[in-house]
Amino acid sequence: MTELVSGTGEPTAAGPVPAAPGAEPSVARVSQWTDIRHRFFANKLAVVGLAIITVLILVAIFAPLLAPHDPLKQDLTQTLQSPGGAHWLGTDALGRDQLSRLIYGSRIAVIVGMASILVALVIGVTLGALAGYYGRWVDTVIMRVADVFFAFPLLIGAIVIILLMGRGVLPVVLSLGIFTWATFARLLRSQVLSVREMDFVHAAKALGAGQGRIIRKHILPNSLTSVLVYGTSNVGIAIVAEASLSYLGVGVDPEVAEWGNMISAGRNFMGVKDFMWTYPSLAIVITALGFILLGNGLRDALDPKMR
Amino acid sequence: MRGASSAKWVAGAIVIALAATACGGGDDDGGSKGSGKAGGTFRMGITEPVAIDPYNAQESEGTLVTDNLFTGLYEPTADGKVDAALATSKKVSKDGKTWTFTIKKGTKFSNGEAVDAESFIRGWNRVAVKTAASDVAYHMAGIAGFADAQSGKATTMSGLSAPDPYTLQVKLSAPDFEFYIKTTHTVFSPVPKVAGDAKNKAYNEAPIGNGPFKMQGKWEHNKSITLVRNDDYGLTKAHLDKVQIDILNSANGVTLEYQGFESGQYDWARMPTPQLPAAKAKYDPQGEWIQQDMSGMNYLMPITDNGPLKNVKAREAVSYAIDRDAIIKGVFQGMYTKSTTILPPSFTDVYQKDLCTSCIKQDKAKAKQLAAEGGLKPGTTIEIAYNTGAGHEEWVQAVKQQVEDVLGVKVKSTGKPFAELLADQQKPGATGMYRFAWGADYPTPDNFLYPLLDTASINKDANGKVTGDNRARYSNKKFDDLLSQARGTEDQAGRNAIYKQAEKVALDDMALIPLWNRTQLRLANTKKYAGLKMDFHEDPNLAEISMK
Amino acid sequence: MGRYVVRRLGQLVVVVLGATMILFACLFVLPGDPVGQIAGSDKARDPAVIEQLHKQYGLDKPLVVQYGTYVGKLVTGDLGTDYTQSRPVTEILGPKLENTAKLAVAAIIIDIVIGISVGVLAAMRRYSIWDVSATFITTLAIGVPSIVLGMIMQRVFVIELDWFPLIAGDSFEGIILPAFTLAIIDAALVAQLARSTMLEVLRADYVKTAVAKGLPRRTVLTRHILRNSVIPVITYLGISFGGLLGGAIITETIFNWNGIGLALIQAIQQNNNPIIVGVVTIGVAVFVVLNLVVDLLYAALDPRIRLA
Amino acid sequence: MSRTPVTKHDEGDGMTSLEMAPTDAGADGAAPLLEVRDLHVEFAVRDSVTKAVNGVNYSVSAGETLAVLGESGSGKSVTAQAIMGILDSPPGRIAKGEIFFQGQDILRLSEGERRKLRGAKMAMIFQDALSSLNPVLSVGFQLGEMFRVHQGMSRKDSKAKAIELMDRVRIPAAAQRVGDYPHQFSGGMRQRIMIAMALALEPDLIIADEPTTALDVTVQAQVMDLLAELQREYNMGLILITHDLGVVADVADKIAVMYAGRIVETAPVHELYKRPAHPYTKGLLESIPRLDHKGQELYAIKGLPPNLQAIPPGCAFNPRCAMAQDVCRTDVPPLVPVTELDGTELPGRHSACHFWKETIHG
């Protein structure tokens, strides 16, 4: 700031203005998390998403109490009953209660959905962080491997792995995890690249923090938020992928009460007994929607500019 | 995902049927060949065949084309009999090892070449040679010189000769009084000189034959095949002008055929299971519902030399534990019929109804008692494996539940793609039971009993892998002797009596656990076409039908 | 720039080889002999025939040699022959790839037309009922998985209303339902993306400058607003088009659309390995090439991006 | 953007009386080039209303430079945007007031007529040229656009004009660099392009909204000199919006200080520096670090600018004002002329403070 007065006027009369009485306007100490929470709950759609997911998880946990019948118990005298009477949602080709299978199906959906995204996150985050932070050849190698998995169509990859490992929940989780980590790795890498350039990281380095500490303490927390948000809406996509695998006959075992199996079985009854596939389809749509709304809500809460 | 592969008698494509003892529906106008007007285009949908060249045509889709493009010595009938085609006479030597056929003179291929003994020899050698790598060459295994042709030592089979242009002589390496029945298979078709070897791509895609129809254009893969009437056909000419065959994807081919029939696009169609009750109610009254018991069977194949089902009583216990009627009524909506024999009902001369006592009715007490005697203790684990994507999921789960409930054992069911399932059955340590089905290539009990249950059909290779079709590893000397005795018996009735005894021996040992018959169900446009029926290969009798 | 393209093409080769290597290894380890039994029946093939077929398809050689010959032929564009009919894979997949491409193009056109217009409309009419309803419907559309959507379309339009025949083959009317099933989800994503980028651009200072320069409303919209907001949308469309060309497995299966996605599912059931590897190779190659095209397009549209 | 709805009479918004601050005649006595009268601008976002501008009155004549001074959030930029007619509406809208430009109330004009003024008669220079220039279009194109749109000039001619303009604002090697993009220029160069763009059609009024804030000191001085030189050459009216007292001193003829959307003091520049007549202005001046005050504690006005959704009653500055009395907390101080102790008029000086006498004369 150049010298203010152009040499004509003498300094103003009185010295510093005496402190005025009047209360200092108190600025409530708004911590970052409460602010995010406010923004999240202000968003009606996000709350709907959260509600759907909570209900889903509760139904999954308390399935044994909620389900009127044992989902695996067959009754060949009661096959293909229309909804109503003892079976609110009807029975399938083996006389099993559709409502109970739908309720137990939520278990598989929640387990597979979350577990596969967890697997993908673990792989994706570690590799993404390494690639982003160390760069150079580490980055190129990891990113090329990521390209391979990114280009490899998810369903085909999953099918091949399931053919290898046989059908079941674990193979499905692993195959979904293995083929979706690439997106997380890429996302995290770009986050790490941008955070790495930020001043507070240079400052930490200047203060002598070790590499590991910098990644753990500074880079990851800041980069993780967007990856977690992306992860949430991806759980929905993982559940849909898992149901598609069952639809193609390569998902979890056929007798397992799982939505994809039910739709696949119901598909033959289109136009004849639509209830066989409409209810499981509805379940998948609502679940997928729940995760997407939750994901969007989190994203908007964490990054208000997006609104 | 149903109908995983195109084969008609594919291991249990869930096309199912209700066994009507006599061949059912359709206004049967005495099956005479010539009645009704000429002309018309018959339309139907099939899934992509493996081959339409007789050297490798194997499933019903492939045979539909070769059967109408070629005419062999003999022709199979729907009810398990054999009619003469180009063969005017047959003579067999006392020892059953030399066959002599005389061939109808004056018939030609659609390209004008004459059909003679030489064209039969050419056709058969073309299939047997090593480079052909034909899947169906094994039907000629009995002909002398076949092994040399297969191994590549020779390019022709020594057993074949043509004493004069229209006489074919066949020498066999072992006696077989039923060899003439085998020639009903299209692999025994004659071929013109222009056919060249089995790898002749042009011929594979548009074969030139001597049948009632000939190809129009070439095989449009995954799209269509078109046949037109062969006007200078040697025997009774066909009435239809043209047959338009659409090739549908196997994932939902059955649904597409049914939709096609409903929308009037197809004259012949299969139906998906769930639509059957509605379809039957709608089309049976109008006579467009064909139900026919075909020459195929669905079994549970137990591994008889290893594991929990090693003991015959354990196998019988499992058979008693299964409530076939409940499964048929529940899962298959009453459209299947339970089977109580190894040989299909369509072999009317040898059919012994209720031969399998444990199949007639579920008997929980007897099942528990036999299980105890057979060492099948509660809590032991039995494996049941099946191939995925062919609609077995439901009934296998039903069988699993019933066996577990009745015998208190633990049944572990695993679905696998075809190749893995077969590898599982073949590997030395195989145990438990497998979903299994078998269709006859030609109408003779031998075609069931020999490949499935004869000790020679186990055919273990160096490291104990079962490469033959007797993967149940059933071996009973008394059964083998009966079979070879039957093969050595010239007269038909004598042979049938021996086959019946052999079947009884096998069923007493529970070598295979019969489940339900393979009755075929079709929708047929009988409003537009007269004499429309299903032939031995479960295809429409295209050569005989005519416009109304 | 040229150097960049060469480097990216190099990466492409690595990715395609990587993908085929993984797949080859997986298929090789799969238990069971792909040519072990007569197509789809319980009849085991005669050992002599199996041995002959193994020689013919080179299955008797170890994995590394098989992979070597495969890549050798791949360079010349020969994807080997399939196991069931021993026809060249390229001849089998050729027409199928054409069908998949037709479907992909139809879907992308619907994406562009519906997706962008809804997105732009919602952005321009902020907080109006248009904006709120568009956001709600697009979120709903994204939630519906393609297996459910396909069945609903089939149930309503084919069985109920009978507007479209199920067996339409690759005729024009046959493409409408599968294309819409594929496009609806993508169009919703495009709409939301277009809306958010539009909103961001509308907030940008250079739009205020443009208005302050006295430019007519239409010029401000086309030359300044759309020009900037369209770039991320084009990037997304490029990538999703790449995915579509890999064969929309679910949609093709539901609608019996004779594309490479359907061919893949059938090949997996019949253990027809050459077709499996063929489809994946084409899918991956097309995806990576399109990624490159999108990056080049991005650089052309946005001068700030310098292609290193 | 779309036509800004103007409501003539708004039921009172806490203003006790509608003062028509006396407009001081322009330097040559004719009606001033631009006169803003009692302008009110509000932003309605969902349920809350932000009163960004609460009765602004100022004017500028041709050749004259008016500096509008105020902390961020004081409404100075919003006023400028209202004048240019580029308010985001919704949510922004002009609640009350008139803007006379060359004798005509431009708020009455149709959007078409209003648009014709922009660029031709009045132009604006923004703060951060990097974000104010379209990143994907070349600089030459964005400059040439003025001529092609307003004067229907051909692409070739408009490019030549662009080069000429770039030379005029002393951008080196203009001919070679006309095709370059904004990100390829330095901060100072970009700001020169903004100025060139504003001057393209030699408008009568230039509004510069913090033109040099984003620049470092040395470049800042060059840009300000260029702006002053061009203003003199084209005899333009210049409204310079800034929060930087240093910049104002060298360039401005008169100053209007804004606080919480209102003008709290107007005065010729040197008068204001000598004897501020409003505690806020006084506080601003004292918070500038001075060489002769070495080692003393720096003075800063305590507290934060008011929340525009809940402006304190009476004088908006009262919570931060040392001289605040009860009256300040109830009555809104009108903008009144400032006089010497003996009452003689001080031309062009007004203050909106109940105790302006004590502030100026101590």
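As written, the chains take the letters A, B, C and D, and residue 1 is the first residue of each chain.
The rule is simple: contacts are C-beta pairs under 8 Å (C-beta built on N, C-alpha and C of every residue); 3 or more make two chains touch, one makes a residue touch a chain.
For reference, the UniProt names are A, C = ABC transporter permease; B = ABC transporter substrate-binding protein.
Computed from a predicted model, the values in this text were never measured in an experiment.
J.: Count the C-beta pairs in contact for A-C and for C-D, then report the pair with the higher count.
T.: A-C
J.: Averaging the CA atoms per chain, pick out the one whose centre lands closest to the mean of every protein CA shown.
T.: C
J.: If you average the Cα atoms per chain, which one ends up farthest from chain B?
T.: Of all the other chains, the one whose centre lies farthest from chain B is D.
J.: If you average the CA atoms of chain A and of chain D, how many Å lie between those two points?
T.: 48
J.: Give, as an integer number of Å, the spacing between the C-alpha centres of chain D and chain B.
T.: It comes to 93 Å between the two C-alpha centres.
J.: Taking the mean of the CA coordinates per chain, how far is chain A from chain C in Å?
T.: Once rounded, the distance between the two centres reads 23 Å.
J.: I'd like to verify one number: the distance from the centre of chain C to the centre of chain D, where each centre is the average of its C-alpha atoms, in whole angstrom.
T.: 54
J.: Provide the list of chain B residues touching at least two other chains, using ranges where the numbers run on.
T.: If we look for residues of chain B contacting two or more partner chains, we find 1, 255, 388-389, 416-417.
J.: Mark out which residues of chain A touch at least two other chains, giving numbers and ranges.
T.: Where chain A meets two or more other chains at a single residue, that happens at 163, 248, 250.
J.: Can you list the residues of chain C that touch 2 or more other chains?
T.: Residues 30, 253, 265, 268 of chain C each touch two or more of the other chains.
J.: Help me check something: in the complex, which residues belonging to chain A touch chain C?
T.: Residues 45, 144-145, 147-148, 151-153, 155-156, 159-161, 163-164, 236, 240, 243-244, 247-248, 250, 260, 263, 267, 270-271, 274, 277, 281, 284-286, 288-289, 292-293, 296, 305-306.
J.: Can you check the complex and tell me which residues of chain C touch chain B?
T.: On the chain C side, the touching residues are 30-34, 36-50, 52-53, 56, 84-85, 87, 92, 95-96, 158, 165-167, 169, 253, 256, 258, 262, 265-266, 268-271.
J.: Of all residues in chain B, which touch chain A in the complex?
T.: Those in contact with chain A are residues 1-2, 255, 272-275, 278, 323, 326-327, 329-331, 333, 388-389, 393-394, 397-398, 400-401, 413-417.
J.: Mind pulling up the chain B residues that touch chain C in the complex?
T.: 1, 4-7, 9-11, 45, 50-51, 58-59, 130-131, 133-138, 150-151, 221-223, 246, 248-252, 255-256, 259-260, 263, 265, 388-389, 416-424, 426, 436-439, 451, 459, 461, 467-469, 471
J.: Okay, in this complex, where on chain C does chain D touch?
T.: 126-127, 204-206, 208-217, 219, 223-224, 227-228, 231, 301-304
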